Amino acid sequence: MKTTLRTRKLEELNWMEFRRLVPKKADAVLVPVGTIEAHGVTGLGTDNQIPSSIAERIAEPVKALIAPTIHYGITRTLLPYPGSLTVPPEIFERYVAEVAASLAVAGFRRIVFLNGHGGNTEALKNVSSRLYRDKQVYSMVIDWWSLCDEEVRQVYGHTGGHAGTDETALVQVDHPEQVHSREYKKKLAFLAQPGLAAVPFPGSIILYKQGEGYPDFDPAKAEQLMTAVCAKVAATVLDVFARWSRIR
Amino acid sequence: MKTTLRTRKLEELNWMEFRRLVPKKADAVLVPVGTIEAHGVTGLGTDNQIPSSIAERIAEPVKALIAPTIHYGITRTLLPYPGSLTVPPEIFERYVAEVAASLAVAGFRRIVFLNGHGGNTEALKNVSSRLYRDKQVYSMVIDWWSLCDEEVRQVYGHTGGHAGTDETALVQVDHPEQVHSREYKKKLAFLAQPGLAAVPFPGSIILYKQGEGYPDFDPAKAEQLMTAVCAKVAATVLDVFARWSRIR
Amino acid sequence: MKTTLRTRKLEELNWMEFRRLVPKKADAVLVPVGTIEAHGVTGLGTDNQIPSSIAERIAEPVKALIAPTIHYGITRTLLPYPGSLTVPPEIFERYVAEVAASLAVAGFRRIVFLNGHGGNTEALKNVSSRLYRDKQVYSMVIDWWSLCDEEVRQVYGHTGGHAGTDETALVQVDHPEQVHSREYKKKLAFLAQPGLAAVPFPGSIILYKQGEGYPDFDPAKAEQLMTAVCAKVAATVLDVFARWSRIR
Amino acid sequence: MKTTLRTRKLEELNWMEFRRLVPKKADAVLVPVGTIEAHGVTGLGTDNQIPSSIAERIAEPVKALIAPTIHYGITRTLLPYPGSLTVPPEIFERYVAEVAASLAVAGFRRIVFLNGHGGNTEALKNVSSRLYRDKQVYSMVIDWWSLCDEEVRQVYGHTGGHAGTDETALVQVDHPEQVHSREYKKKLAFLAQPGLAAVPFPGSIILYKQGEGYPDFDPAKAEQLMTAVCAKVAATVLDVFARWSRIR
Amino acid sequence: MKTTLRTRKLEELNWMEFRRLVPKKADAVLVPVGTIEAHGVTGLGTDNQIPSSIAERIAEPVKALIAPTIHYGITRTLLPYPGSLTVPPEIFERYVAEVAASLAVAGFRRIVFLNGHGGNTEALKNVSSRLYRDKQVYSMVIDWWSLCDEEVRQVYGHTGGHAGTDETALVQVDHPEQVHSREYKKKLAFLAQPGLAAVPFPGSIILYKQGEGYPDFDPAKAEQLMTAVCAKVAATVLDVFARWSRIR
Amino acid sequence: MKTTLRTRKLEELNWMEFRRLVPKKADAVLVPVGTIEAHGVTGLGTDNQIPSSIAERIAEPVKALIAPTIHYGITRTLLPYPGSLTVPPEIFERYVAEVAASLAVAGFRRIVFLNGHGGNTEALKNVSSRLYRDKQVYSMVIDWWSLCDEEVRQVYGHTGGHAGTDETALVQVDHPEQVHSREYKKKLAFLAQPGLAAVPFPGSIILYKQGEGYPDFDPAKAEQLMTAVCAKVAATVLDVFARWSRIR
């Protein structure tokens, strides 16, 4: 598949183009999945926007197509914040499983769920573990924030938190107009503490370590993080693909 | 709500902006819903792109926000075409119902499903008819191609067909690069006949009347149709809103 | 069964009277079924009152008893209007099926559902099509407004609409005090349009054809319509009864 | 709500009248519930007629509207008697629960089930106990014959029995033509005995105490009982309403 | 596959013959489906016999095998007529779906349901629309009477009705001894009317248009119709097959 | 019922003929049931053809009608052989149960399942054992090969095996063109052995005893066996009928 491909977005290909590509020239697909949830001073769609940004940057290097984003996921502790939305776990899981099964029937042999939201992880892993049994396709789930913990640390000296350092940075790259740094106040952030579970959680920015994870609005660092994250995700996907190719 | 609103896309608002708007200044939301399906020479995402285009044009006049699109719907007779995807009706219906219930909980009092795909209609109407009972919100489902039958007729002299005159035109306005008129051949189209149900349907363009509905690639007419369709949809939504306001 | 029968209402007969009548002298029963729903300027019980009125007028000519009315049915698009009530389709269907099965066990061999509400039709037809298999009784469902389309046209020159010409007229005959013509305004009516499904429907009077179906409060025409409708329904029931008698 | 209200029957109000009344001027509703069952020499609808009669007399003093009667209930031991009808307990319970939920959605905050039939009591209590949890409305179930045991004793010197003293009297007040005293024979009555359960029960009049409960056809006493019963029911409802008003 | 094939009936081939044919030389199969139902003066098996007759005539031209007929379908309104039989819709649908899935596993890639009974259509379309998703086979459902409406009109000047013009004619060709023209009386026919659903339907011959559809026993016209119907069905199947071959 | 009956096939009778016959002159029905399965050198429909052949020969002596064959049954160990088809046991059982229930409703009082396939036996016995409870009809299941073990022995000196001596012989009588003796090789047969279960079974002819059960293509013996089998089955059915007649 040459780099001159007009688009890698499945939605923008017509069926005759698709027929020429899948599965002969492209049998992998990236599926961005997120949710609608309060995120400090970034948009409610933060968890959809970040995996979409990553997908657009890595599709070419990993030679995959990009499926449309699944926007509505499983929101829990921040659900009572204005604008947060949720879908019950079992409905979300069945909906995603059916989308994935349909991608398999359409000819894809490798499915990469690019997940933008921690609340979805368990459900996506369940989907993934049943996909091979049902449809004989290989699949993986990537939680970029966990996978790229080290990359965040290298750019910022510490890790991220929900709607904190790393998420704010990645939104800022493609959607700078949505990062309202003037609305930001330190008190939006709350430190997660063992032994405390609260719904709504007492801050729309969640820190995981005392004094670490506050957003940083420096655009240069944000770009640097995006580059590092995409490099790490792409390298990981390619490594898994290579190892998968040795199984059969 | 002034016209200077930065964005009407729910995904791009942060939760503090949302709190200032919903429900006080905006209690209506547009939800574009489509599917991934073969459409002659337009993209597989035709049924998502058209309601999104309409939503972006009418959000301001009808004073509504725009929720993220639900991209994966109920594809039936064109499912075997390369790139078509589907979700079983009962899963789709439950997923949409949960998204809508969540929008109600978030403060919206009026939900407009802008539907781009006939296969979704029955499920969306079921969702709509249960929403009031469950959540006391008002809702409507708009199948733009049925509602605007007269508008298509005025621009083209006849009506549309699946992936035919009207759908091709509306995609062309916002996504001209996806309309591959050179790939178009008349034989892509097939006339629907009573007594014949086929999966796959024998043409990725479906005509409903002998000799009518073939695509027309004239960009001026396409613009004219988009304007007429959006005017009709906006007027209908506003009329229904006005009448709803007199019920209670 | 002589015409001197004290009453044909099942509820008013005692069990010894019933024993003398059913099934020897009367093996047919009329079951009025409706719902509670907004109807322009007539009462919320319009859909119960009309089939009851018809039942009282045709019981004698068709030699049937009248069972108590099932008042609560399946209301959908007008449910959000003040005072409208509904029962989920599957519960309604099972409740009616059980009532019908019990009427069969009690000795009736022919059951006529006199339906006053379009939302019930599908469920009643399902009940009817299973009754023979389960209980070996014959049954029919009569939607008077469809069956008597021609009769409405003869009296008014056009057909009716929900809460429009024909329903308003039939309520007026037996319940003139409930027809509030002074509250009537043309804008209570809304024309049904293809491609638009709205809950609540934007008018408590629903027209099906441009300019046709508005209520008419002339009491003489109303009487004339009632006579014509009851004549048509009775003739149809008798014709079907006669044909049924030739089957076995 | 002034006493000049044209009607308190929900079925006879139109939706605009309803909107002016509920819940602002009337947030309580009476729901008569009975069954179709053999009752000695009174009509098969005795259990529907009595709660309807009571509802019409107490609606004004307790400031409530009257919903349409649910005619088909749970008949057991007298089911084999000619004309008796029944609905299985679980279907009846779900049907009533849905009607009640719908009344709650329509704006009522207090629901009074006026029950005319002992076989329904358990199901109605189940409905009532779930209503607050599901819909946050208050509700009560009134078995008039138990509540007014003392009133019957005061008028007749003893209590009533099924289709005996008290039921026959209350039917007689509003439906004297249905009380066939000439058909009455003492042997229609059978004394309920511990250790004996029989279907059909061996008498369509059931006595609960040796020598007590036989019908008495004196119209003056019947009127006296009706007055006493309605006074007691109204007083009880008002007392409960008052106490409920002190909870929140 | 030469025309000298001994038989095209799957039942008459042994497994070694089948292995030589499917799928290499024949990957399409015709599945006749009907029901047992009263049909005026033709046999109870009319709806099985007609698709079988068509299958035998078109198997050669469309190069398909013929699977055994599924004789028991979904009979509704004529069920109470002597000899009519039925299977509940959900059981029928699952049974047919399993037979079709098994045909797919056996190597067929194209399945043509030749349907003889309108009551089966919905279920067969459901089966067809799920077959691709589940088994990646292509399928179609042919209701010959709808598809060949024009052919009937050309031979008889009007269309057919249940057990009327066209069905009687097609039975007559292969089973003349079963067409009892002497038993025929005009009153066996009944005109379907909107607003009336009756079980049993009041005639074992159902007309859909005033004055049209009565049986005609002319054997020459019957032959002419069979030829025209088989030509149209075969041409349609071949056209769809050709178009299917261009999809992937 | 005289022997001059035009046909005993239910499918070939019209409803008026059926009404004259059932149940007055014929209240018993034979239901042939089989499957589609590899059978050595006989056709895939062997298990349907044999019970059909028997049904046609015994209908007259046992005074029963013949219902259409249920062709698709439960195939297990030979399913992977080309052309074999199967239906899951629970679907098969429910489908047959519904057909039988419908035959009971249609007036039959005695149902004889003529089974041609061992894989169906358990399901048919389940159907039979519930039929009386549900529909108060009497029924029996006949596995001709077990019942006629002695008859096979008398003609051939040993018993049969799957697709061996007896099945091949009975197919040969009515369908000699389907018995491809030239394709027969001894190695098609495999001896069933305790402790070995294999899918696919290693031979499409299954022997149950060392050296016994190989097909024999002698037409005279085949005729002799058919006569003996039909005599035994008819005698058994008549004996059971006679004993049943003494129960009530």
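Labels for the chains are A, B, C, D, E and F, by order of writing; each one numbers its residues from 1.
By our rule, a residue touches a chain if its C-beta (ideal position, glycine included) is under 8 Å from a C-beta of that chain, and two chains touch if they have at least 3 such contacts.
Small disclaimer: the values here were computed from a predicted structure and weren't measured.
The minimal number of chain-to-chain contact steps leading from chain A to chain C is 2. If you take chain B and chain D together, the chains in touch with both are C.
Between the two copies, chain B and chain C, the C-alpha superposition involves a rotation of 120 degrees in steps of 5.
Taken over every residue number at the interface, the positions common to chain A and chain B amount to over half, indicating a same-residue contact. Averaged C-alpha coordinates give centres for chain A and chain E that are 52 Å from one another.
Centroids built from CA atoms put chain F at 26 Å from chain E. Rounded to whole angstrom, the centroid-to-centroid distance between chain A and chain D, based on C-alpha atoms, equals 61 Å. Touching two or more other chains at once are residues 81-82, 86, 132-133, 136, 248 of chain E. All chain pairs in contact, by the document's touch criterion: A-B, A-E, B-C, B-D, B-E, C-D, C-E, C-F, E-F.
Residues 132-133, 136, 248 of chain B are the ones touching chain D in the complex.
Of all residues in chain B, those touching chain A in their complex are 6, 9-19, 22, 36, 38-45, 48-49, 67-72, 81-88, 91-92, 94-95, 98-99, 102-103, 106-107, 175, 177-178, 180, 183, 204. In the complex of the two chains, the chain A residues touching chain E come out as 19, 102, 105.
Interface of chain C with chain E (complex): residues 121, 124-125, 128-129, 131-133, 136, 138-149, 236, 239-240, 243-244, 247-248.
Chain contact summary for the complex, chain B toward chain E: residues 76-77, 79-82, 86, 190, 193-200, 202-203.
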